[in-house]
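You will see subunit A twice below: alongside subunit B first, and alongside subunit C after that.
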Partner chain A sequence: MKYIFTKLLMSVGVLIVISILVFATFQILPGDPVNVILGTNSTPERVEQLTKQLSLDKPLYERYLLLIQGIFRGDLGVSIKYQMPVSQILSSRLPVTITLAVMSLIFIVSISYLMGLIAGKNYDNIVGKCIVGICNFFTAVPSYFLCILMIIIFSLILKVFQTGSFIAYSDSPLGYFTYFILPAFSIAIPNSAMLIKFLSGSIYDQSKQEYIRTARSKGASEMRVLIHHNVKNALIPAVTMLGMIIADILCGSIVVEQIFNIPGIGRLLITSIGARDFPMLQILSMFIAAVVVIINFTVDIIFKLIDPRVRIE
Partner chain B sequence: MKRKVNIYLLSGIIICGFLILLILYSSIAVQTTMNEMQVNNRFAKPSMTNLLGTDNFGRDILVRIIAGLWRTLFVAVFTVLLGAMIGFSLGAIAGWYGKGVDVVIMKLIEIITAFPWLLLALIIIAVIGISDLNIIVVLTIVFIPSFTRISRSCLLKHKNLEYVSGARMAGASTLRIIFVHIFPNISTELLAAITIGFANAILSEATLSFLGLGIQPPDPSLGRMLYEAQSYLFKAPWMAIMPGLTIIMLVLAFNNISYGIMQWLNEQHESKEIF
Partner chain C sequence: MKNKFLLSVSGLNITLEKGSKTLTIVRDLSFSIRQGDILGLIGESGSGKSLTALSIMGLLPNKNFRVTGDIVFNGVNLNQLNKKNRRKYLGNEISMIFQEPMTSLNPLVQVGKQISEPLKIHQSLNDKQAYSSVIKAMGLAELPNPEAIYNYYPHQLSGGLRQRVMIAMALVCTPKLLIADEPTTALDVVVQKEILTSIKKISKELNISVLFISHDLRVIKSICNDIAVLYAGSLMEYGKCTHVFSKPQNEYTKALLLSIPKPEQKGKLLDAIPGIVPPTGHIFSGCPFSPRCKQVKDICKYKMPDFHSENENHFYACHKEEESGERKNT
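Let's turn to the complex of A and B:
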């Protein structure tokens, strides 16, 4: 309980510092947001009115507090580019990115569990060495090149996939999910490669431990030793990598959404940078960083639950 | 004892050698420059005159790849040098002084890493703008945390060893102990970190350029070439495949060299334990 409380306190601290940092970063930007919004048709009255509306006449700390209050009330400000509440845009874009991220995660977990098991069991022989070698290769392949290769293979040669024509969930749920298969796969492969290497090494290390010999001498079957004893212990260090992998999925989705024309958070981020839409960028950065912090916190808790030996250093 | 061949190191060096051959070939045999357009030779398939084909402006892809390669390497070298210098020093300070200094530095690092690297890079680019110099600044900030962590953990391992207390008793200053006594002893670990950082820097630069936030056209960069190739994927797939393969080879070379160094490090470690 004390462990969870300390971790919670630390995470909240990190969240506060992140929000201050992001806020401060977007304050030192060159260019007055009022001029950006009004453009050429600005009159002194409208400038004054908008300054009041955006509370730019208030001191910095007050504006920061207003922003945080707004976040808790669900009022995230207004996007300059879309002239719409940020919360409204987010709520339409978020499900898309979540679908992509969850599908990638499912691919990553299933591929790396299966391949990690095979590679870990055959770590010394040619099968294991081949798998690790292939993984070494794929850690060097950027996800966007994988996307391009997949487009060439699946839509140019096999003609089974139509790129650029994103299908909304409301139009066809099946089409919506199938559209995500290739993007999710290209995010999953480099990450799985990394995880398989780690997992197989971990399984191999654990298989040398004495408790495995004990289990074998008690007459447990080879399968039971592997699944029940060996993998269970080998998975523990792999769980800590989950936070890193989620962060990597988010990075991957920024790039992949761009290629596959998927209207998610990543695409929004890139268009917002192009349009210098700072209210949007501010919220998006805080949001993504917060997601990573919260996931890391959750991983720490899961880690503690599955392995009670863990203590705070 | 039979000497085991370090496959990783060997393969890394072979790939590097292949890339050097490619560079030599393009500088000797190809006469065109990177931005020279041949209007009647657009989308030429790979052939003897244009070894890797030409792009939508009739520019030779091989020449552009080599030019992009240099640019990527330039960015990566400066990124890693700056990042390693700042990161290793920060880590050394955190590891050596411990306590409050350590907590402050490591919390700062933790906050930087709470941002996925691409998001961090995008935020900084939004603030300081796009230019060749700015990519180096952005990537340096992105790479500082990993270097800091490695040098800190190495320093923690070494600071209580006998040779360090010996040096301290001989009256060596803190700076001298860290840089003259400890750093040479952890140089292999640091070298492994630098080579893997180098591979990551290449990947990151290519990603930023791919998103149009790195090196600006018309100058070639590997990532940018991939981006431009997307519009002609069906007409000229080689426009995408060639730069992509180059990125893979480049990253693979430095990854493998790094694994090789780590493997060598482990073998050294094991042989020490036996004797």
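Let's turn to the complex of A and C:
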């Protein structure tokens, strides 16, 4: 319990530091939001009015506190580009990215667990070497290339999946989920490739440990040794990597969302940068930081659950 | 040798194929253990004693090891069984304790559950059904407060307690044969003595045979009935402990016994054996000990000595008798 509390405290600290850093960065960035909104041909009165409206005339620390207060009240400011509350935009984009993330994760976990086991068990023979070789290939292929390849094969040639026009959940729930299969796969392939390589290496390392020999000396079958002893220990380092992958996907897979025309966080980020949508970008940056911190916290908790040796220093 | 043997190993050869080379690690090794007896297998590092133990278990670490010869346990030649049938013996009728208690337990599993695993495998019990047997085995291994230790993880226990957990694990299915591969080497002297006493007591009370592997003559002397001296993969001397220790016949055994420090020799140089152990898999034309032997003769260098018997409970391989013409055959 003390472990969880300490970790939680540390996460909150990190979040506060990040929010200050993000806020400060947006103050240093060139480009005045007022100019962006009004353009260069506007009256000084209009400029002054908007400056007041955006509280840009207040001192820095006051504006920072206003921002944090707003976040706690659910008021995230108004997007310059969309002329809509940021919270409203996020609430329409977030479910899309979460669906994509969850589907990719299901693919990643199932593919890498199965293939990692096979490759780990056969690490020093031809089967394992082939799997690792294929993984090396897929980690090296750029993701936009993979996406285009997937579209050509599954959408244009085989005509299994439709890509291009996004299907909203309200229009057709089935269509919505089917639409995500290809993009989720495109995210899953390079990430699984990395994870398989990692997991199989870890399984192989653990298979050399003496407790494996002890398990065999008890008459355990190879399968039992693998599942009950070997993989359990090999998963510990792999969980860290999986955490990093989850954080990465949740923050929006920019390339994949762009290519598959998915209105998620990744695309929102790109459009906001193009439009110099400062309020939007500020919140998105903090959101991404928060996701990473929360995932890291969860990984720490999972560590504690699977490894009894973990203690906080 | 009237009693029936529980385990008899005869003509055991262990070879390792390394690239195009074939290294012989153990050659023509034979020994037997009666029910309830403790046989000490002694030898320097690299003499093949641990690999002999693993070959009885069928757990040699690499596919390139080849084991030939007969390993007859309770009338069944284990070396002729397939993997699946052989596994039925492991942890059930034959169990093993390893040298390194710190790394031989799974760090993520409670020790109680690790002890119960042989019961789950061989008798398909679940944790609940196995509980009373586990506590009983922990008691036999003299673990203090078994109910509490059941829920401990290995890292919470000391080396001595972990080794007792290993012993409990080995005893949980009440085996007929226990193989102990240097079970006390990694422990400090006080704990060593306690563990040795426990093993001896368990063997006596439950009538379990023990194959005890060590490089420490004093340890062997304190707990074993029989002793087999191994040098560079060959058996040098084999027999009742009392006979071998009082009247060693083989030059290597003699040299080993001389190299034990004794209080009355205080201040004098220790009788260490000159030279070093040959590398594993070295090819010998004669007696493997001949390059280091003080009594070496010409014949030693090209002919492996046959086994001679000093009496019906004591055998040794050496050429020394042959010259005087009183050659005896076993």
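Points worth noting:
We take it that the second predicted complex is superposed on the first by the 300 of 313 C-alpha atoms of A that agree within 3 Å, B and C clash if a C-alpha of one lies under 4 Å from a C-alpha of the other, contacts with A are read in each partner's own complex, and residues count from 1 in each chain.
By definition in this document, a residue touches a chain if its C-beta (ideal position, glycine included) is under 8 Å from a C-beta of that chain, and two chains touch if they have at least 3 such contacts.
Every value quoted in this text rests on a predicted model; they were computed, and no experiment measured them.
With the C-alpha superposition on subunit A as described, subunit C and subunit B fit side by side in the combined arrangement.
In the superposition on chain A, contact of A:288 is made with subunit B only, not with subunit C. When the shared chain is aligned, subunit C comes close enough to touch A:215, but subunit B does not. Of the two partners subunit B and subunit C, more subunit A residues are in touch with B. Once chain A of one complex is fitted onto chain A of the other, the partner contacts of A:224 are limited to subunit C, with no touch recorded for subunit B. Contacts of A:307 after superposition on the shared chain: subunit C is touched, whereas subunit B is not.
Of the two partner chains placed around the shared chain by superposition, neither subunit B nor subunit C is touched by A:132. Once the two complexes are overlaid on the shared chain, A:234 sits clear of subunit B and of subunit C alike.
Using CA centres, the angle subtended at subunit A by subunit B and subunit C is 80 degrees, rounded to a multiple of 10. In the superposed pair of complexes, A:299 makes contact with neither subunit B nor subunit C. Between subunit B and subunit C, the shortest distance over C-alpha atoms in the superposed arrangement works out to 8 Å.
Subunit A meets subunit C in the complex at residues 209-211, 213-221, 224, 228-229, 232-233, 306-309.
Interface residues of subunit B, counted against subunit A in their complex, comprise 107, 110-111, 114-119, 122-123, 125-127, 199, 203, 206-207, 210-211, 213, 226, 229-230, 233-234, 237, 240-241, 244, 247-248, 251-252, 255-256, 259. Of all the residues in subunit A, the ones that touch subunit B in their complex are 14, 17-18, 21-22, 25-26, 28-29, 136-137, 139-142, 144-145, 148-149, 151-152, 156, 247-248, 250-251, 254-255, 258-259, 269-270, 273, 276, 278, 281, 285, 288-289, 292-293, 296.
Per the touch definition, subunit C reaches subunit A in the complex via residues 57, 59, 61, 84, 87-92, 95-96, 98, 100, 103-109, 117-118, 121-122, 153, 155, 166, 169.
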